[in-house]
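After the structure tokens below, expect a handful of questions from me.
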């Protein structure tokens, strides 16, 4: 028997190794959330000269990647991002890849990461990408609308707390020339109200007027968008193509920077949590 | 109370949502394998004009990405790749991310995917990357050396079978001008020996002389490499820096295209399966 | 060093084996259901001369065991039993044994099985227990009230279908002296209406008048029960104890044999699904 | 449509609830261990007047139950018990119930518990069983012979440490009339050697002469046993049955009380860990 034949025959002998794959199906009828976090993004931000406390190029690139994920993958109903993290919510009754957690998270992580490099130059015109970054992910399953909303509220509250802290922290360093250690010490034990007060009294900054993208993060939801495109069309009875403006409606992931902790957002967008049972 | 204070206070109220995260620790003392597969790579290959049946640029780019994964992440002892898939073997007693499966697979998937875009232009000089690809992954856990070796043998046997088939299939199309449907029909029911015979008698091709990278896939293992680099050094007593050639030893993931089904490979590289117990 | 000392010192060396225990926490905020099924109960029923198609002693013993499980274990809000199976529903936010599935199911299975032997003689006065039976169990997690209700409806519909079938089947055998094979053949392809008709026309049995315990199975829910017990009490100023009737209220698992597929049951007992959020 | 028909039709509507069952397959080729622990056995022992520090009736009843488990269930290669716990080792390549953890543990737990009540009176002649006990269980999976042996060593080391402690503790109470608190204080901080010394110098007890069942626990392994049974046989040409002694060989779980931490046990019984690959 030739080598080729032996190898071909051998394959079936080895196929038992497939039995070692574990089933990781997400519980049926539950919201599946994939959250990504940049790996070692502290170092990544430094190496690529990210502005402090917020680099709008970096945030917008993150959102571009999340939009690509929503468009390329299936069944994502909304996403929420802030800093170097993004959460994707799959619809309750999604049966994408038979709800296997590993498929959800690796598709999201890899599509996000490849998009990050792909779209980098559109956002960082003057800053070369020095090395390809990684993102680590996880899947969390939420059984009810309330627990899903609380998850998203948790992330937005986290955004608020970190951004308020960072805004003051970097003011102390950039304007008042404190060292990082001094700034940290100054803020130790302060409450939200104290930090608002420092911003206002020392830097004349009303925190509520800071850009919503920094304060609230980015919510991505599907919206119908009217697009006007020009097409070459040959009309009946004519011999040559003619440029015509055509309006078509497409559904796209659109960015919002609003509050999602209160009820208003969910009342305004009831279709997100709508049960398709 | 201000909005800021209320949100800050609210965060702790929402933190219960962390209890919904499941533990996905990989069984201790087992080999953890992450396998990636290109998502919709049939379409991706067509859009990017991959050569058939094998595109060496694409295969080498995959290997470049796998090397980046091995270098950037922790505890990977070897990798095996073929076609649009790559498997990474973590060491038995790795405690990276406390052995959480989700961390293993999302880091590998995202690092691989971002590297794919990052290094694309080094391998595809004349072919622009049209869109960022995704890869789906999985984690499989193997309790013994034998089961791990059988897993890798399974993938290499798969490589052999597919490559032999594809080699004949594309010869029938490219040289004998058969349609894909005709080529498929011609090969239906043929054994490995038959395919070898077609290649030899009709195209004067000895399959065993085809490039090993196509027939065997790519094995990545760590090897000590002597590097000669030039450094600017200021010697004692001198005032100016001098260029000096310095030899240093580094451990790097090196590509092989050999058989891993038989014992020879494992006898030659006993350190791979060595138990660090 | 003595043997004793060596062994004592060795223990810590072995304790790493605890790391191999997997976490099997049930998803938070979900209904946890443990279902038990008698192991090889076809044979068990024959060996112990169970009446066909229903043995009320056996059904009542099952219910006695289920009541013991509800009383001895924690957080069970209701149970449903039929034939040789029983399902136990733990409250949504139970934190018993930190929601570990293995603890839920082994405690239920072992408490049920030991009770089965313990109470056997109270129900089977003339039939000795020949050997101790086993029960196999499973845990299923339901994220919503609807899915829990549908689970219980599924079990009750199963009870209905099997009991209707068995009632006709055993009539054909016991009254019409068919062999089991003949009875089976006779019933092949019949619908529910057909079986009702056979019972009515051939045996003058109105299926709806069969005992509810057979047709609906047994639902166990908690009810406040007024108990009158007699106590020996020494009243002030008296020298001897006196028998006094004392009324006290206790909460006990009480058996119902009603429909749980429709809404009426859940409307009548809203406290069962009540959210304690 | 009749109620019967409606219910029958409804069943298929509810069957989707089966999708909520999670897969809990034990990793292939691994040793599966089920360990049971008596639930609230401290209280159980008191209520049933167990002798202190060891009640041989209780230990022998546990072993009787474990033997029943091994005989009635499938694929158990050995068991180890001490105090109110018992561990059962299933063979590496068992495919019983397709290796589902829930099936392994509930069958073991329920068979053990029902046997406990069933055989109680054979061991506790003068002590009525007051209530049916529960046992909680868990499944742990070990990938190698070494980890399995270390698990069993861990349990035997635990037996040793607890039994040495309890032997001295109860001597101090029973012979020296210390209170439990005083005995505990006396033993605080003592090493194994100290406890041996107290036993020897104060009570003239050489701990190594204590019964092996107390010091080592109980190991159950399969052994071929020659049984002589008497049968009524009618010999050819004779008209009446005659009593004949027949020898037959059966495989039974036999109790040992030896060391399993050292190598000797495993060398003497190589068949236990023998790979059937």
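Letters A, B, C and D name the chains as they come in the text, with residue numbers starting at 1 for each one.
The definition used in the following text is that a residue touches a chain if its C-beta (ideal position, glycine included) is under 8 Å from a C-beta of that chain, and two chains touch if they have at least 3 such contacts.
Given the structure is predicted, the values throughout are model-derived calculations rather than measurements.
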For subunit B and subunit C, chains touching each: A, D
Chains contacting each of subunit A and subunit B, listed by label: C, D
Centroid-based (C-alpha) most distant chain relative to subunit C: B
Distance between chain centroids, defined by C-alpha means - subunit A, subunit D (Å): 52
Distance from subunit D to subunit B - Cα centre to Cα centre, in angstrom: 47
Subunit C and subunit D: spacing of chain centres that average the CA atoms, whole Å: 27
Touching two or more other chains - residues of subunit B: 16, 20, 22, 27-29, 141, 143, 147
Residue ranges of subunit B in contact with subunit D within the complex: 27-30, 141, 143-144, 146-147, 277
Touch list for subunit A against partner subunit B, complex: 1-5, 7-8, 10-11, 13-17, 20-22, 24, 36, 39, 68, 72-73, 97, 101-103, 105-107, 109-119, 129, 131-143, 147, 150-151, 153-154, 156-158, 160-161, 164, 191-193, 195-196, 207-208, 261
Touching residues on subunit C, where the partner in the complex is subunit B: 16, 19-20, 22-23, 25, 27-29
